[in-house]
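Listed next: structures, encoded as C-alpha cells.
In the two complexes below, chain A is the common chain; its partner is chain B in one and chain C in the other.
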Partner chain A sequence: MSNGRHLAPRPGFVLDVDKNSPPIVFHHGEGFRLEKLPAGRSRVIYPAEPLEGLPDPDGAIRHALLNPIGDSDPLPALLRPNMKLTIAFDDISLPLPPMRRPDIRQRVIEAVLDIAAEAGVDDVHLIAALALHRRMTEDELRHAVGDRVYDAFAPKGLLYNHDAEDPDGMVVLGETPHGEAVQFNKRAAESDLVIYVNINLVAMDGGHKSTATGLTGYTSLRHNHNVHTMLNSTSFMDRDKSALHASNWRMGKVLRDAGVKIFQIETTVNNDTFGREGPLSMLQKREWEWSGRDRASFLAMQQGLKVMPTNLKRKAFSTWLAPYEMTSVQAGEVEAVHEVTTANVYRQHLVPVEGQTDILTMGLPYICPYNVNSIMNPILVMCLGLGYFFNLYRGRPLVREGGVVIISHPTPWEFNPVHHPSYIDFFEEVLADTTDPGEIEKKYEKRFAEDEWYIHLYRNSYAYHGVHPFYMWYWGAHALSHVGRVIIVGGDTRAVRRLGFQPASTLADALEMAGDVVGPQPTITHLKNPPLLMADVT
Partner chain B sequence: MATTPLTQRIARLRSMVGRLGFPWRAAPIPPGVEPPQPTRQLKAEYDTAWARRYPARVVRASLVETVMRFVMSVVASPSREGTDRLSTVDGPVIFVANHHSHADTPLLLTSIPEPWRHRVVVGAAADYFFATRLGSALAALLINAIPIERTKVGRRSANLAADLLDDGWSVLIFPEGGRSPDGWGQPFRGGAAYLAIRCNVPVVPVHIAGTDRILRKGHLLPSRSSTTVTFGDPLLATEGEHARGFASRLEAAVAALGDEAANDWWQARQRAHAGTSPGLTGPDIGAWRRVWALGDRGRRSRRRRVLWPEL
Partner chain C sequence: MKALEFHRNIPRFAAARLAGSVTPGGGAGVGPLKLADIDQPAPPGSDWVRVRPRLAGICGSDLATVNGRSARYFEPLVSFPFIPGHEVVGDLDDDTRVVLEPVLGCVSRNITPTCAPCGDGHLGNCEHVTFGDLEPGIQTGSCHDTGGGWSTAFWAHSSQLHTVPDDLSDEAAVIVEPAACGVHAALMANVPEDGTVVVLGSGTLGLLTLAALRAHTNPRTILATARYPEQRHMAATLGADMVAAPDEVRRAVRRVTGSRAVSQAGTQPRSHTHAGSVDRLSGGADVVIDCVGSADSLTDAMAITRPRGRIVLVGMPATVSLELTPLWHRELELVGAYTYGTELLADGTTARTFDLAFDLVRRFDLGNLVSATYPLDRYQDAIQHASSAGGRGAVKIAFDLRDEKERYRQ
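This part shows the complex of A and B:
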C-alpha cells in the first residue's frame, strides 16, 4: 500500500537558525506553541525520519526465535513438556504513546506460545513486569498481549501483574559484590525458563534492566534507583557510562548464577509517532515542508485546543495510538541480544551534534512513561524534562555545565489520585520542605517506601508505589547538579515554584531570565520533538 | 354474418400487416430447419460484470454499511476476532469459511475488515443463486456474487475467479459447497485451494460460529443468536503442495479456529499441534448422536459486558 514515504528515510540534522528560519513547533503538554528562536546563535536538532519497518514482522520474530544470538539454543530446544515456563513482558510504560494493534508484545508472545504449544508445555504464566509501576488494567493488558492470549490465560489466573510487595511472591536470590540484594519474582525464579518480551523505545530500555528491574521490588531497586547512581549515570541512555545499567548488569549476573535461565527477546521500533499521513502527521515534518493542508490542519487544531477543556484535551490525546513499526527483533542470551538492540535504537535516534550550548530548550509532550491514560503532574514534568530529555545524549550533555534548561509545558497543579496518590503527598509535603534530591532521599524515602497505605494501593488499586515519586525526582538529579537554572514557560506559576524552578510567560522572557545566569548573547539549542532523538555530542 | 365498422377495420389492419414483409416482420423459418433455442444466460453463464462497476458498487456499499450491518447487529450480535492477523497481508486474498446458514454471507461481508470489505466477490452456487434472472441480479448486486459450478467440473467459474483475483478483487468461498445439513460441517472441496495455488494468493481461514441457530438449512425465518467470526493467519500453499493437501490444511485451520472460538487460543494451539483439534465435520456416529453432540459446543464467556464503569 502506498504511504507516501520517502525512498530512504533522511537522517537527523542540526539547523542553524537565521532570519528566514520559520517558527519552530514546541510541544506544550496537550497543546503546541510556535516559537521563533533568536537568529545567528540558535540551532535546532531535528530527528531522523522513521526507518522502514520490517516487511514481515511475524516471519522476523520466528526467525529470531529459531536463530538466537549469543550463547543460547533455539527456543524450541529450550522447551519440553512438564517444564515451568514464565513469559514476562514490558508494561504500559512502553512504547509511548501506546502503539496501534497488534502490539509487538502480542506478536512475540503469540509466536512464543505457538512454539510452546508445539513442544507440549502446559505450565505457562504470563507476567506484566512492572516493578513498582501501577498495575495494568484489563483493557491495557488486552491491548498489550491481544485478546486471544488474554482470554486464554487471564481468566485462569495465569496472566497477571507482577506484585513486588507480595511477601509470598518474592524471593531474594543473592547479593552482588557491591552488596546489592537481588530480589526477584518467585514464580520466575522457580521457572525452568523465563522468556522476556521487550520493546525498546529508547536506549535505556532492555538488557538485564528488563528482568533485574521489571521483576524485582524495592529491596533491589533502592540500590540503583538512588541519587548516587543517577549522578554517576552520564547518561543513563548510554549503557557504558550508566551506573544504573552497571548495577543492573551485576544483578543480572547474580540471577544467572542463581540458576535463573533467561531467554531475552528484544525489539526496536522506528520513531513514527504521529504517522506519515493523517491529522497529526505535520508534527513530525520539518516546518518548511508543511503543505497547505498541514498548515490548515495545524491552525484548526490550535483553535480547537484553545476552546477545549483540559480533560477533553487529555482524553483526545490519550486516544492517539502510534503507528510504530518494528525495525528489528533479536532473541537469545541477554547481553548479546542487547548489543544488537542498542545499535538498532541508535540507528534511528542518534543525531551528531558539535559542541555544547548555553541554553537548552525543549517542548514537553502530554505523555511520559508514567502517565499513560493519566495526568502529567508537575513531578512527571520535571522527570520527563530533566530526567529523560536532558539525558538523551551520548558523549556530553547538550547544555554546558552551569547552563540553563528552558522547558515548555503547562505544568498543572493536578494529580490523578488513583494512579499517583504518593505523588500528591510528595508534592505537598516533601517538595514544600526541600527540592534537594540527596536531602529528600535521606529524610523521606524510607517512610514513603514502607507506608502501608501506599503498599495497599499499589497491590490492590492502580497506584504507583509510594516510593515512585522519589525515583522520578532522582531521575533529574544529574541535570539538577549540572545546570544553573531551570525555567518553565507557560506553566502554573505556583507549581513551577514548588518544583524549585522559575516560571516564565513566554520564551522571550525565559531567554531574558536565562541571560542572568549564562550572560548576554548566549547560544541556544532546541531539542526538537516529536519524534524522539538522541544527541551524539562531540 | 353482419360486419360492423370495427371488425372491418381490424380485418383491414390485419391484411396491411400481413402484406408487410421482412424486416418489418420476423423472417419465416424455412421448412426442415431446426431453429436454435433462445439462450437464457443464467446459472454459470450469468454475466456479473455490471455488478462490479462503480454505480453498483456504491449501491452495494451503502446497503452493506447501513441495512446489512444493522440487520446483522440485531439478528447476529457478532463478535469479530482475529482481524489483527490480517495486518501483514497486502493485496487480494481468498477468504474460506465454514457454512451453516444464509446469514453467513452478510455476516462476513460486514465483518471482513477494510481494505478488503468492499473489494470482495462471493462465490455462490450457480444452480441455486443464479437460477432465475431476478435472483441472479439480486445476488450480484447485493452480495457481489459470482456463479460457481458445484454440480459439475467447469473452467468458467475458476477462470472468472482467477481473473478477478488478478484484477485485485478478493474472493469469499465456502469450500463445503453448501450449507450444513445437520449443524456439523462438511469436508472442504478443493476449489479454493486450487485457485490459491493457481493465482499464488494467500488464503485467510475464517470460522463462523452461531449462525446455525439463525437461519440453518430448511428454515425460512431467522431467529436471533449471538455469533463469532474468527479470522485466522493467512496461509500460502507450500512449494509443490497439491490442491487436495492444501484444502485439508485449510479445513484443519478453520477447525482450529472453531476450537479457539469455543475454548481459547492457547488450548486450540496445543490441540492443533497435537493433531487433536475437534474436526469441523463432527464425530462419525449415528445421526441422532451427531445432533446430540452439537449441544456440547458452546462458547464460554469472554470480555465482561460492563454496563456501568468501575469506579
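This part shows the complex of A and C:
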C-alpha cells in the first residue's frame, strides 16, 4: 500500500450515506466543493480503482498488429511498396486530461510506421481525424504523435489536420439505406489502406464512429448529430441502444462497400486520471480513506485556488497530464476489434447500481472533450453535464424520468473566441431565443453551419466549426427531455438562466428547490466522476 | 402661471453635471431648473395663441440640459431664462386640442422672405433661428419669448399647431412630436430594399424609429439593440426582426450580414483575421441609425456599417472623443437627423412629417409608450424617473398638467 497500489484494484462502489459519512468532494470547474449529502437517502457512486496497465505496452501493440482480430490479415500482410497508406488518429479531445508522454498514439503510430517501413511503404499521410473539431496546434500534434514522427512528416506536409470544408479534399462515397450521405476525407478514400488509431476513453469511442465521424464533415454528420438521433440514443455510451452508433455503423458499411479498407487499432486506458501519488491523488481516493497528508494537501489546494485568478487556475490545471496506462490494445477488423475494446472499457468503468434516483448530482471538472487548453464555456457545461455525464449509464438513466439533475460548476459567462467563436453567437442569439433543441435545430443550424466566417476560422485558425455548439446542445437533448429540472450550484446566475436552468448558491438550496419537482425526502445519487465510471443501472 | 424655468447659472449648471453623473436625474435637484410662479409674458405677435398644456413629455435633450450635459454649441441658439418642454399636447383658449410642432422657423419669426430650407418645408434646417422677432431659440422650449410645455401656459404661433382628432388620447398625442423625429430619421436613412438596417438604442427615439422603419421602408432585416428586458420586448413588438444587447451588436450584425470579422487583439501574423473576436466587420449593415449618440455607439456604428454605408445620427451627441479612421477608410456617410419638416417619400411624393407621425402613432398605438406622468411639483422625481427610464421598465415620462389649478386661471 505504500505506493498507493492495491494488490488487486477494487471495483466501483456505491456508498450509502449515513450520518458518519464524510463530506464528499465535488468537482467544481477549476476548484472543488466539499458537500455533505443527506444521510439515509443519499448514495455516492465511486469509480473503480485503476486497473493495472499492460507491463510492456510496446510489445502488446506489436503483438496486436501482428495478431489481428476478426476478418483481417496481420498488418505486414496488408502493406506493400507503392501503396497509399493513411494513418488517422484521434484528436485533442482524447484522452482527458491529455496523458503523459509518450502518448498512446505515438506508441502505436511509431509501431505502425516501423512495420510500414519494413514493407517498403513510402506514401504515408498522417491525419488528425478531428471532424468538425478545432485543428490541433503543432505542440498538440507533437504531444500526440511524438517529435520523431512529427519532424519526419509535418514539414513535408504529410502530417496534418483533417479539413472537412476543403472542397477538393472531401468526397461523397455513397448513401446508406436510410438516405444518409457518406462523406469522407478524399486522401483516406483514395488510400489502399486506412489505419485508424484510437484511444477509447469511454464506451462511446471507436468502432465505425472513428472513421465515419472523424474523417467526415457536415454533409454526413447532420444525419446523426441531430436531435432525433440523440433522443433515440439511450444512451450513446451503450452502442446497442444508440441511434448515433447505428448510423455510424451504416456509414461504415457504405465505406466498406465503396472499397475503403480500414485496419482499426483501439486502445483502452485505466482510471489513473489524477495519479496514485502527487498533488491530485486524493481525487481518486474515497474520502474516508484519505490520509492526513491527503487532507492537508486538499486544504492547501483549496486555499491556493481561492486566491488564484481564474486564468491562472486554468493554466495550472491545463498543465496536468494524466499518468494513464494502457490496459488493452486490439487491432484488425473494425467491429470485431470494437467488441473487445468495449468489454475492456466496461471492465474499468462499469459500476452496478440498483434502481434510479430522484435527484442526480454531479460535480463537473475543469475539462471536457472540447475545451482542452481552453475555457469551459456555459454550453460545454451543459454538454458535459447533460450530454456526457447523464449518458454514462447502461440499462436505465441514473435519474428517474421527471427527476432533477443538480450540477456543480462555476459556469462562467466566458468564452475562448479563438476556439469557440460560434459558441459565443449561439449563446448570445440562439439561447436568448430558445433552449428547445428541436426548435434550435430547425431555426438556426443551417445558417451557422454554412456561415463563411466560421468556416474560414475552422479551416485557417483553431476554431470549432460553426455548427459545433449545436451538436453540444443536442448531446443533452435526451437528458433535457427526461428530467424535470436542471439546477446549477455555484454558477454565474445570468449564464445559468440563459441555459434555461435554475441557479442555486449552495447544494442545500438546490436540494430544496429540487423538492418542488420531486417531492419531499427525495433519494439522491451522486455520480463521483472523474475518474470515469459508467453506471450499470438495474 | 406655474412653470419650470431654466436660468443661465454656470455654477448650478456645473453642480447639475456633477449630480447628474452620480445619480441619474440628479441635476434636477441642484441645477438651474426651478419651479416658479411667474407672470406669463406678452404674446410675441398677433399670430400667436395661448396653449395650456395637458401633457408635456421629457425627452433626451431635455435631460441633457437639466443634467448639465448639453453641448456649448447651443449657447447662442437659446435665450435665457427659458421654459423647457417641446413635446406638448394642450388646449387653446377655445378648447381646441392641439399638438405643438415646436420648431421656430422663419414664419414664426416673422421673417420674409423665408430662408430656402423653410421655403422648401424643411423647418428643422431653418437658417434664421437666431433672427427675426423672437429671441434665439431653435424650438419652443428653448426660447425665452415663447415659454415652453413644462408650464401651465405658453405661446405658440398658429403655424406650429396641429389639431388633435377626438379619438386620439392625450397620451397618443404627446408622442406625435417624438414620433415625427423617428419618421424623419427613418426617411433620412435611405434604407435600401432588402437591405440591413441597425437601430442602436431602444429608448423612446429608438423605438419610434423602429416603428417608422417598419412603416416606411422595406429592409430585409431590422436589428435593434436594447439594454433592458422591457426595451427588448418593445423593440420586437414595434418592428425589430432581431434584438441584441448593446455589447453583442457587432457579432449580431456579422451574423445577419454574413460578414467576416477583424480582431483588434491579434498579435501574430494573420491573427487579426483568425482571432474569432469581433472588433469590426469586413462588411456590415447598409444603414445604422444611432439613437444613442455616445462615443461608444458611434464607434459601434462605424464598426458595423458596410463600406459606403450610411450612419444616421439621431441621438444628440454633445462632445465625444472617438476614432474616425473607419469613417475615412470605409468611406462612410455620417448624417445627422435632427428633426422634421417635409419628407420625400419612396413614391416620389412629399408629406409633412407631422402628418406621417399622426398616422404612425395611430397605427402602432404609440400612446402606450407613455409609462408614467407627474405633476410639475414633482419635477425632480419626474426627471429622475426619465433619466433611468429603461432600467425601470419605462419609456416616455411626461408632466401631467391637466389637474394644475393654475391652468384654469384666466
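Of note:
One rule holds in what follows: the second predicted complex is superposed on the first by the 534 of 538 C-alpha atoms of A that agree within 3 Å, B and C clash if a C-alpha of one lies under 4 Å from a C-alpha of the other, contacts with A are read in each partner's own complex, and residues count from 1 in each chain.
We adopt the following convention: contacts are C-beta pairs under 8 Å (C-beta built on N, C-alpha and C of every residue); 3 or more make two chains touch, one makes a residue touch a chain.
Keep in mind that this is a model prediction, so the values were computed, not measured.
Touch criterion not met for A:His133: it reaches neither chain B nor chain C.
In the superposition on chain A, contact is made by A:Ala117 with chain B only, not with chain C.
Of the two partner chains placed around the shared chain by superposition, chain B is the only one that A:Pro102 touches, whereas chain C remains out of contact. In the superposition on chain A, A:Glu428 makes contact with chain C only, not with chain B. When the two complexes are overlaid on their common chain A, residue A:His468 makes contact with neither chain B nor chain C.
In the complex of the two chains, the chain C residues touching chain A come out as 242, 244-245, 248, 251-252, 254-255, 258-261, 263, 270, 273-277.
Taken in their complex, chain A has these residues touching chain B: 1, 56-58, 101-102, 106, 110, 113-114, 117-118, 120, 122, 124, 138, 142, 146-149, 151-153.
Residue ranges on chain A touching chain C, taken from their complex, read 416-421, 424-425, 428-429, 447, 451-453, 456-457, 460-463. Across the complex, chain A is touched by residues 81-82, 84, 87-88, 90, 115, 233, 260, 264-267, 269-270, 272-274, 302-303 of chain B.
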